[in-house]
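Next up: the structures, one after another.
Same chain, two partners: chain A is paired with chain B first, then with chain C.
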Partner chain A sequence: MSDLTRKTAVELADLMSSGETSSVEITQAHLDRIGAVDNAVHAFLHVDTEGALAQAAAVDAKRAAGDELGPLAGVPLALKDVLTQEGVPTTAGSKILEGWKPPYDSTVVQRLKAAGIVILGKTNMDEFAMGSSTENSAYGTTHNPWDLNRIPGGSGGGSSAALAAYEAPLAIGTDTGGSIRQPGAFTGTVGVKPTYGGTSRYGLIALASSLDTPGPCARTTLDAALLHEVIAGYDPMDSTSIDAPVPPVVAAARKGDVTGLRIGVVKELGGEGYQPGVEARFHEAVELLTKLGAEVVEVSCPHFQYALPAYYLILPSEASSNLAKFDGMRFGLRVGDDGVNDAEKVMSLTREAGFGDEVKRRIMLGTHALSSGYYDAYYGQAQKVRTLIARDFARAYEQVDVLVSPATPTTAFAIGDRIDDPIAMYKNDLCTIPSNLAGNAAASFPVGLADEDGLPVGFHVMAPVMRDDLLYQVGSALEAAQAEQWGGVLMSKVPELEVAR
Partner chain B sequence: MPSITREEVAHLARLARIELTDEELDHLAPQLDQIIGLVAQVSDVAADDIPPTSHALPITNVMRQDENRPCLTPEQALSGAPAAEEQRFRVPRILTEEA
Partner chain C sequence: MTVVADVMDLESALEQFDPVLGLEVHVELNTRSKMFCGCGTVFGAPPNTQTCPVCLGLPGALPVVNERAVESAIKIGLALNCEIAEWCRFARKNYFYPDMPKNFQTSQYDEPIAFNGWTEVVVDGETYRIEIERAHMEEDTGKSTHVGGATGRIHGASHSLVDYNRAGIPLIEIVTKTIEVPGEKAAAVARAYVSMLRDLLLALDVSDVRMDQGSLRCDANVSLKPKGSPVLGTRTETKNVNSFRSIERAVTYEITRQAAVLASGGKVIQETRHWHEDTGITTSGREKSDAEDYRYFPEPDLVPIAPSRDWVEELRKTLPEPPPARRARLQAEWGFTDLVMRDVVNGGAQNLIEQTVALGVTPDAARKWWLGELARAANEAGKDLDALGVGAEQVAEVQKLVDEGALNDKLAREVFDGLVKGEGTPAEIMAARGLALVSDDSALGEAVDRAIAANPDVVEKVQSGKPAAAGALIGAVMKDMRGQADAAKVRELVNAKLGI
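Take a look at the complex of A and B:
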């Protein structure tokens, strides 16, 4: 039953409720697929075969007993290795946490388990989510299933590649500056960053606490919406969690109607530096939305150009403070504890050995930005720019319901291309960062392949705070209209991977 | 002129408790200089009357009920420790002889 891996989560759920197949069969099919292709893709850092099959058997038993089950019960999922799962190795892509098994479940994992979703394993990522390619992972780079010589995006490249390689129908990512949406764009999959505070950060290994947002990844809009509903909602364990009902994302994905919806094209996110094939697919999608009844206007967000520099002050500042906990004392790696070295020396040696280059760069940058004499000029100014960006959004939302742009300036680049040029790497996230700074909801949806390289292009939708439903409304309208044009979803065009025996 | 010198980067590494070899310093110092050049753009964007935003949403002081609730056992809390002794984290000595 290897074709089980080609199904959407909704289709799999239907097959289980009609009794045609079981969660154990579905889970085994995905584990077999991982065994066959993950040597080439390297989406997973850890595959929890035993745990996944046990979870699947438990769901099957509940179903047999006639228990009421959620809409995704028994469907397998790939979990980004930055969220804790009790007893399962969690590294955040870093050597400093190699072999660490968390003693507790993150809120996201608790909710996945409660919904009967089967967690297949932990996916690769840039170390502590610092990066846009997975090349900063201490455990090797993930390969893009569309072209194995290219990166799958990052930091959540393992999760997006797992979807595109049919190793899992659902995945969880986390988005601090684009780490869900950019990998989604690069792999032709759907990636959603919920409103900040709409999903819980409890048990998420922190990068930048005022930006980090867990969210759903899938191959279709409706699958993503169903997963969104499972993980979202108020959590008293996260002090920045929003105590309000989850926006009606599933209803919006089912509706998929954009008649009368006002859409603003952000003038500043396009033009110079944007790949022609990306712009062509983006403008086609905008035209398609117009045909479907949306009203499209151009809007200006003049301060978005300062989002990137502001982000690279705020993020490293928060990261340098969050990563101070990796001191070699309570968990993870300890180096140089020879009875002679003091604690400070051991800490420095541990951090030298345990952190990669990008983590060191950002910790030092953050330490610099927060040091006295620079604080006002850097961190203080960046926080003011954050206000200006939020005001740009607020002004735009007086005229329109959602904003749109390409998700990324280019398609997926070749492995090794930008690894030693941090600034070129940072520019991947030009379009995605403003929504992290303002905290609003945003998503990337696949809108075809660029002419020059045949690689997927992502369409970026930005909705106001707690209007996550609007993302799904636009995404599913596009998806349905394109499926009609193409005779199927974009993912059906992904090349067949060579299957290892 | 670089916005940050090699010596300053070495100082930052000490503040951040990261040992760096000379080769690492040679590699990282010019990159940090470039990045600081990029981020310095923000320094003249916002006028004095713009308030800073530290957080996307205005949530203040979230409290929970002051009630006991389950927490990790000592065994769980120590399960990932590099070294433990007598139900405690064992750490290297804190004071050096000169201190």
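Take a look at the complex of A and C:
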């Protein structure tokens, strides 16, 4: 039944409701697929075979009993290893959490479980979500199913690679500066960063509290929208959660009509530094949207150029504080507890051994940026830039409904290519970071392959706060039009991986 | 290990220096749940039973502000005549310590909920105005127990245990501006301020304010400046000051210690000092330089707090009578002189007397017990009066027994001794110690007969027109009865037998 892994979530749900197959069969098919290809892809850090099959059996039993089930009940999903799931190892890609089993479910996981979604396991990521390639994972790099010598993007490379390798039809990511959208772009999948506060951060191991946003990943726009609806919505456990109805994302994805929609191409996100093949696919997609009835104009967001430096002050500052709790005292790794060393020494040895280089780099950056005498010049200034970027967005949204840009300046790069050059690595997120700083909704949709390397290109759509529905409206219009052009979704072009066994 | 510093006598110290004080008081609120999670706050629960992912700082957990704690903070601010912020935030105070689960304390920094207030205390009939810098919200830390050392302190311990039950309990930190009062009053003013705060917080019903349980904790900042100089000296911050009397003692000690240091040409080191109740001295804790950097920044996991003006005004209406007005009212009701009332307030007895009077005891009788026998016992035990373990109900019970003639004052004092020592109820103590008054007329009569027979000279005096001399006979009877007789009854019998 390996063709079950080729189905979309919607198709799988239909097959279950018509009784043609069961969640257990579907889950087993995906577990088999993981067994067959994950040696080569390494999307998963932990596969919860027993737990997944038990969840699947429970859904099947409910269906048999005639219980009311959600639209995605019984569909399997890959969970980024940064969200807590009770009793299931959760590492955030770090040695410092090796073997830690959270005693509680994150809100996202609670909602997935309540919707009957089957959690296959935890996916690989850059340590504490710090990175754009998964090369910073303490547990090895994930490989891009389009080209196993390339990175799948990051930090959520595991989740996107799992989709592209047909190991799961749905995945959860978290996006702090592009960690859902950039891997989505690099793997030819859909990645959505909801409005900040639109999805709960409770149980998300924090990188930067004011930026982190959990979101849906899928191979199609409608699948992503259905998953979005499951996980989104107000959560009293997260003070920054927005107490308002979830935007009508599923309806927007089904509608897929952009007639009369005003689309702004961000002038500053393109040109020098952008791969020609990326720009070509981007402009084609813009033309396609014009043909579909959208009104396209160019829009300037002059302060976007300061987004990257501001981000790399705010993120490390918050991270340096958020990561202070990893000290070997209460959970996770403990090093040097020899009965002689005092607590301070044990903390220091634990952090030295447990954190990787990029994590240490950002902790040091953040600690410095928050230091007395530097705070105003660094953290204070960065917050001002953040305000200016939010104003750029606000002004732009007076003229247009959504903004668009390439999701990334380039396609997926080779493993090892940028690992020694942090600035080159950071530049991956040039287009995605402004939305995090402003808290807006944004997404990446696949728009074809770059001519020079045959790798997927992502189309970036940005929408105002709590207008996540507009993302899906654009994404599904593009998806339908392209499927007509290509005779199928982009993902149908991904190389077969079975040989990798 | 402990180095005892030289001290100068207080009088000489105050001839040369003026003390400047600053008091930081931490108040644990009596909310049923913690500051940022739903865990319980019961004092004395088994270790780590009142914890959850939030107050344990587990990965992924997030704080949610306890609205009741904000309400209490506003009430405290209003009662201290503070302005209430229209918009304020929490901030993270970053430092590593095992009893702090997140390795940062969620506190308030440059945006406190209440600021710019004032209050007044009365010492020796003089009123002193204390300016309040701020009152801000924060969370308590866990509690470390250091095991295996001689002192119970971390030095020399083999290991430490941490109880996170206290982690996340809401705290309000109330900070005064510098307090400059005549040097000889400084320590008493400090004590009176904390005592007044305690009464105020009790009246607001926002805290248990038990210094012995740590729900009211005071850090005393003390510095000296040369007499007449406008330049502030280097200050020390004395911690572990856990009773009203230790506040007075610790401030006095620091004045005399710093004076000795300065007079001998030395420099006061800016540091945290530890108060030792037993030896009555402070010792050096960690040095606290200005370089200590907590890297404060606004807490990104919480949204700003913007209490509506309507809410603030509603809370203002619920405020109880201000302590000075209350004190004046009670003094009038009880008919106490200024001097007596001062002793009542300084002795921390005002609430206790009020409670006792409410149980039907006369103000004078209540004052007699609280400021007499019980104050003496508290002083001996080194405790504050309300931490002695004797309550208003027990005092009222004993007084009732006196009124009924079952006890006299002397026996009552023994009952109180038993109560302080935890020997049970007054009845149980009377039974166990054999304290009942002898009211058997025949036994008393026999004792009177014995006294009359043994003191013919006294009898003669009385009968020759000096009835006052009968006191000696009464004394002899009481002695004979080992005090367990009702003196009035004895007098009655003596008078009857002698026909006067």
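Throughout what follows, the second predicted complex is superposed on the first by the 498 of 501 C-alpha atoms of A that agree within 3 Å, B and C clash if a C-alpha of one lies under 4 Å from a C-alpha of the other, contacts with A are read in each partner's own complex, and residues count from 1 in each chain.
Assume contacts are C-beta pairs under 8 Å (C-beta built on N, C-alpha and C of every residue); 3 or more make two chains touch, one makes a residue touch a chain.
Values in this document were obtained by computation on a predicted structure and should not be read as measured data.
S.K.: Is A:N39 touching the first partner chain B, the second partner chain C, both, or neither of them?
M.R.: A:N39 contacts neither chain B nor chain C.
S.K.: Per the contact definition in the header, classify A:E344: touching chain B only (first), chain C only (second), both, or neither.
M.R.: A:E344 sits against chain B and chain C alike.
S.K.: Identify the partner contact of A:D327: answer first if only chain B is touched, second if only chain C is, both if each is, neither if none is.
M.R.: A:D327 sits against chain B and chain C alike.
S.K.: Answer with first, second, both or neither: which of chain B and chain C does A:T290 touch in the superposed model?
M.R.: Neither partner.
S.K.: Under the stated touch criterion, which partner chain does A:S317 make contact with: chain B (first), chain C (second), both, or neither?
M.R.: So A:S317 only meets chain C here.
S.K.: Contacts for A:I205 in the overlay, against chain B (first) and chain C (second): which applies, first, second, both or neither?
M.R.: Only chain C; A:I205 stays clear of chain B.
S.K.: More chain A residues touched by chain B or by chain C?
M.R.: B
S.K.: I'd like to know which partner A:T84 touches here: chain B for first, chain C for second, both or neither.
M.R.: second
S.K.: Tell me the contact category for A:S371 with respect to chain B and chain C: first, second, both or neither.
M.R.: both
S.K.: Can you give me the overlap between the chain B contact set and the chain C contact set on chain A?
M.R.: On chain A, the overlap between the chain B and chain C contacts is residues 100, 102-104, 210, 236, 239-240, 320, 327, 329-331, 339, 343-344, 347, 367, 371.
S.K.: What residues of chain A sit close enough to touch chain C in their complex?
M.R.: Contact set of chain A toward chain C: 83-84, 90, 92, 97, 100, 102-104, 106, 201-206, 208-210, 236-240, 317-318, 320-321, 324-327, 329-331, 339, 343-344, 347, 367, 370-372, 375, 379.
S.K.: Within their complex, state which residues of chain A touch chain B.
M.R.: Touch list, chain A to chain B: 100-104, 196-197, 210, 236, 239-240, 242, 303, 306, 308-310, 312-313, 320, 327-334, 337, 339, 341-349, 351-352, 355, 357, 360-361, 363-365, 367-369, 371, 377-378, 380-388, 390, 422-423, 426, 437-440, 465.
S.K.: Would you tell me which residues of chain C are touching chain A in their complex?
M.R.: 53, 56-65, 92, 94, 96, 98, 101-104, 158-160, 162, 293, 295-297, 300-303
S.K.: What part of chain B is in contact with chain A in the complex they form?
M.R.: Where chain B meets chain A, its residues are 4, 8-9, 12-20, 24, 27-28, 31-32, 34-36, 38-43, 45-46, 50-57, 59, 62, 64, 72, 76-77, 79-83, 89, 91-96.
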